[in-house]
């Protein structure tokens, strides 16, 4: 199972690094800025999770491999040929962002739930779900705040709810089955919800700005 | 006294949740975004306080009641009838924001001072006042940064000074009287200062932008 | 050596306080906002470093002297005569910001590396360099996010790379020589790289915004 978590973590790292690097490129940053934002997005959620669990220094600080993977991914995304492909049209950009951000959200949510459950002896469902959601959304929020964008969590279809649903699913499946299935089902659920929500443009009631002025 | 702190904490939670939810509505967010920003504003200061005190995981992670209260408050604020009332005019919006933000600031400042004093054996006045101020302003700063606004702390009349004055008052009253009176007097002072400052438009000297360009 | 670190810390505090205060003045904030942003910039990196090391409460919470120095520096910068001097032209503003920000970046990077090395028994080069860079850039990132600017780290010539180069230099010199020389050489290198990069306008390849739309 440990090797399984490692693989999921690396997949989440690559996904979030791509989303961070693409955000940086859209803002016209240079290759170093792209690498820094890719790295920050990829490791931000994990650092937040470890701080909240009191695990200091955070795991990433003794894990050059993960950091190098995030930086390398960002640099690859920056290569002109790759970049031109990803930024060709707003549509391609949007779909790639949605996909990588959703995969990162899904994986980091269930890894967060799993880590919290393993680290805290007697955690109840609320603690685990809260941890999963906070660490799942953490990297993306950091990415958007640093880039000066309104965080996805406030403007994308049922973003936080998808993460919460996946974390709660993790809790239930984990109790009645096992870790691996909990991560697989919980994580997949998040990605599926996000993609369906975006495809069918599920939307919740909004406050109209006109009401205000 | 414990029940007293709990009540103040719940009042502060409701106040900050309202201010977060209203900010989200002004930005035209959907009901989920409103709930997330209300929750974040309400629990942000407390999470920061617990991290700074080394109390991990932060208390809110094992407190579904407070989280549920913040979310429920945000959803109530979002109900069309309530929303129309609160957003009717910029003036009504402004006054409600000022009131809820001031009450939240006042309560979280003195709760922060009280918590730091209880958690750290031999804390001096500076440590306690610093903790009170940081945790008092934390939720509001998080709210404004996430919403893409300039934080209140930088643009509202003597915001940080009001919090600091209340925290120092807490220290003095606590030493010569007791916890309950310290929280009552310190917290009230913050709200009163903020409201007077806004009413009489107390202002400090500013750097004119024209000086620059 | 301890007195040496203290002096470097105070120099870094003054430098970052000036950069925070100037940013606040450019935004037209009042004297309290200027003091708060100066203080936040000066202490932000150190608080982040202590949180990541698990040293709670962070050192600054029991150090009124450093906090007072940061506030006093910000107020001095705000004095009309000083302010007029610093904001006279965009060029003077830009050069002063670059200088103070670079000195703060250099000093906090090597202090961060030194602190991490002393606090963690068996830290390897990666851990120390990561700590140095994170705490070096932390104060400036906080300053820019709070002021609503794109962080320097994403838009200034090789900002993060300068910090990383200094931190790695600290590691090497520390191993083969001693603490004092490591801080002196590592810190100076960062300032020199930053100033040379700005002077000669060294730039890395950028993603053109036009590619996107």
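Descriptive notes on the structure:
Note that the chains are named A, B and C in the order they appear, and that numbering of residues resets to 1 at the start of each chain.
What we mean here is this: contacts are C-beta pairs under 8 Å (C-beta built on N, C-alpha and C of every residue); 3 or more make two chains touch, one makes a residue touch a chain.
The shown structure was predicted, so the numbers you read here are calculated from the model rather than taken from an experiment.
Any chain bridging chain A and chain B, meaning touching each of them, is among C; the list is complete. Shared residue numbers account for under half of those found at the interface formed by chain A and chain C, and the copies are therefore classed as meeting with different residues. In this assembly, the C-alpha centroid of chain A lies 29 Å from the C-alpha centroid of chain C.
Shared contact sites, meaning residues of chain B that touch two or more other chains, fall at 51, 54, 145, 148. Interface residues of chain B facing chain C in the complex, by the touch rule stated above, are 51-54, 116, 120, 123-124, 126-127, 130-131, 141, 145, 148, 150-151, 153-155, 158-161, 203-209, 211-213. Residue ranges on chain A touching chain C, taken from their complex, read 24-34, 36-37, 47, 51, 54, 56-58, 60-62, 64, 67, 78, 83-84, 87, 90, 93, 145-148.
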